[in-house]
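Just below sit the structures, each encoded as structure tokens.
Each of the next two complexes has subunit A plus one more chain, namely subunit B in the first and subunit C in the second.
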Partner chain A sequence: MLFFSYFKDLVGREVTVELKNDLAIRGTLHSVDQYLNIKLENTRVVDQEKYPHLLSVRNCFIRGSVVRYVQLPPEGVDIELLHDATRREARDG
Partner chain B sequence: MSWASLEDIFLSTSLASYLDKKLLVLLRDGRKLLGILRSFDQFANAVLEGACERVIVGDLYCDIPLGLYVIRGENVVLIGELDLEREELPPHMTRVSAADIRRAQKAERDATDLKGSMRKRMEFLDLD
Partner chain C sequence: MVMGLRRFTERIGEGAGEPILDADNGEELMHVQPGVAIVLGNRAPESVGTLYITTKQVVWLSDVEKERGYAVNFLSVSLHAVSRDPEAYPSPCIYTQIETEDDDDEDSEGSDSECNTLDLSKITEMRLVPSDPSQLDSLFNIFCECAELNPDPNEEIEEEHNWIFSADQMEDDNAATDGVDDSECLLSENPANPIGYSNGNHDLARTVLELQINDQRFEDAEEMDRDTNGGH
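What follows is the complex of A and B.
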């Protein structure tokens, strides 16, 4: 639940999602769910020429199981808050 | 599954907002399916009506009609909403027949295999 709550706080931010098939998509985080499925808006593919079929896709749903990384803007991360939440989760199980 | 309110549909990550829309579904095996979403569930299983597979080889493409498809969610990578006001593909791409695209796919596969076998033959040189 920790990362679900964390991503919920990041809704509205620009993120880049890198998938396990090496596709990288930049967009605004619209929503996230308990499986860490992600919905992005205003999407742009990072290497557009390599993926011509994604030209007109502006909103997408990404299955959580295929995400490798979610790249965040450094200003978007309050690392102390994350640290505290992690320690609390680890302590409370 | 309880019925979601309109707000829930707009703000949540469910596929409900994509119902009856023409979508692009990317699968784990690299296939691209297009179709209208008619049903889905919590595993991202999906039903696409009027589905077709868009095969792209270089600058050539072909849409192969498939009919009504049920997709198992574990194979889904991404579901994208196609913006109808934009071109689906870059203008330099040419549409060809199914036979032509299959030929192009085979040629691409043969070229990759050849590259792989040449690399294997050179491995003993230990150049890297």
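What follows is the complex of A and C.
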């Protein structure tokens, strides 16, 4: 549940979600669920020339299983905290 | 289950009836939206039809042609969004991306707008255009709800990770599966599984751990001179 908790804390921040099909979408993290399904607001596509259809959609829902990366704002990342939490989570299961 | 869009023709009754669902497996109808046109890929809109959103899939049935209908399982819907930007598409709609079996042909829409042969399995984008745009937000929310009902089956199985982080844990976990005495475990190295090579059956972490043993043979000469009285 680590990343679920972690992403919940990032709600309201700008993130870029890169999907497994290479599409990258930037937006404000609106919510996330236990399957890491992601809802973004004020979304815009990172590479607009390649994906014109998604020019600007206000809200979007991204299925957790198709996410490759979630790019985080540097100020939203406490690396030490994340390391410790990850180690603990993996150890304790 | 078929990934991607497929034809759907199973309707109740004779007329433009409701889709036949898999009630035995718990599939239920969540929402019905009449007056919806469907746009597959870059093709022209097909209108008019009725949208049926179930707990498992999205079904669109043409009101005009009883044989025409399409469905896609929520497991295949990668993303959905409300599209109101006229530059993206002239009419406000629900935009969805569909994950197909074969992801190599992203750009080929699988259909020639000239001829009628349509390969549904290659459709990666689908728009649903309601005649009443004020319904878009509630449609979006229902899509969200139903998507959440359909997590990947694999995700639910991940109860045990079987990751190893300490020698103590190793003794507990491997005693039963290995059949090898614990004391032998630490000192022997299986020649069939050399260092750093995992053949899929062998636990790589265990191989690495075996290298970190405090064996006097690996100690520096200086340390041993200084540490003659120290216990290990």
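We adopt the following convention: the second predicted complex is superposed on the first by the 92 of 93 C-alpha atoms of A that agree within 3 Å, B and C clash if a C-alpha of one lies under 4 Å from a C-alpha of the other, contacts with A are read in each partner's own complex, and residues count from 1 in each chain.
Criterion: a residue touches a chain if its C-beta (ideal position, glycine included) is under 8 Å from a C-beta of that chain, and two chains touch if they have at least 3 such contacts.
No experiment lies behind these values; they were computed from the predicted model shown.
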For this session: Sticking to the clash and touch definitions up top, decide whether subunit B and subunit C on subunit A clash or fit.
Result: clash
Exercise. Is A:Val32 touching the first partner subunit B, the second partner subunit C, both, or neither of them?
Worked result: first
For this session: Identify the partner contact of A:Asn59: answer first if only subunit B is touched, second if only subunit C is, both if each is, neither if none is.
Result: both
For this session: Tell me which partner A:Ala90 touches in the superposition: subunit B (first), subunit C (second), both or neither.
Result: second
Problem set entry | Which of subunit B and subunit C A:Lys8 touches, first, second, both or neither | neither
For this session: Looking only at the overlay on chain A, choose which of 6-14, 42-50, 168-176 or 222-230 in subunit C hits subunit B.
Result: 42-50
Seminar exercise, completed: subunit B and subunit C footprints on subunit A meet at residues 19, 21, 23, 25, 33, 37, 39, 43, 52-63, 65-66
For this session: Spell out the residues on subunit A that touch subunit C in their complex, using ranges where they run on.
Result: 19-21, 23, 25, 33, 35, 37, 39, 43, 52-66, 90-91, 93
Problem set entry | Contact footprint of subunit A on subunit C as seen in their complex | 77-85, 87-89, 95, 97, 99, 103, 106, 124-125, 140, 143-144, 147-148, 151-152, 155, 160-161, 163, 165
Seminar exercise, completed: subunit B contacts subunit A in the complex at 11-15, 18, 24, 26, 28, 30, 32, 44, 54, 56, 73-74, 76-84, 86-90, 93
Exercise. In the complex of these two chains, what residues of subunit A are touching subunit B?
Worked result: 19, 21, 23, 25, 30-33, 37-39, 43, 52-63, 65-66
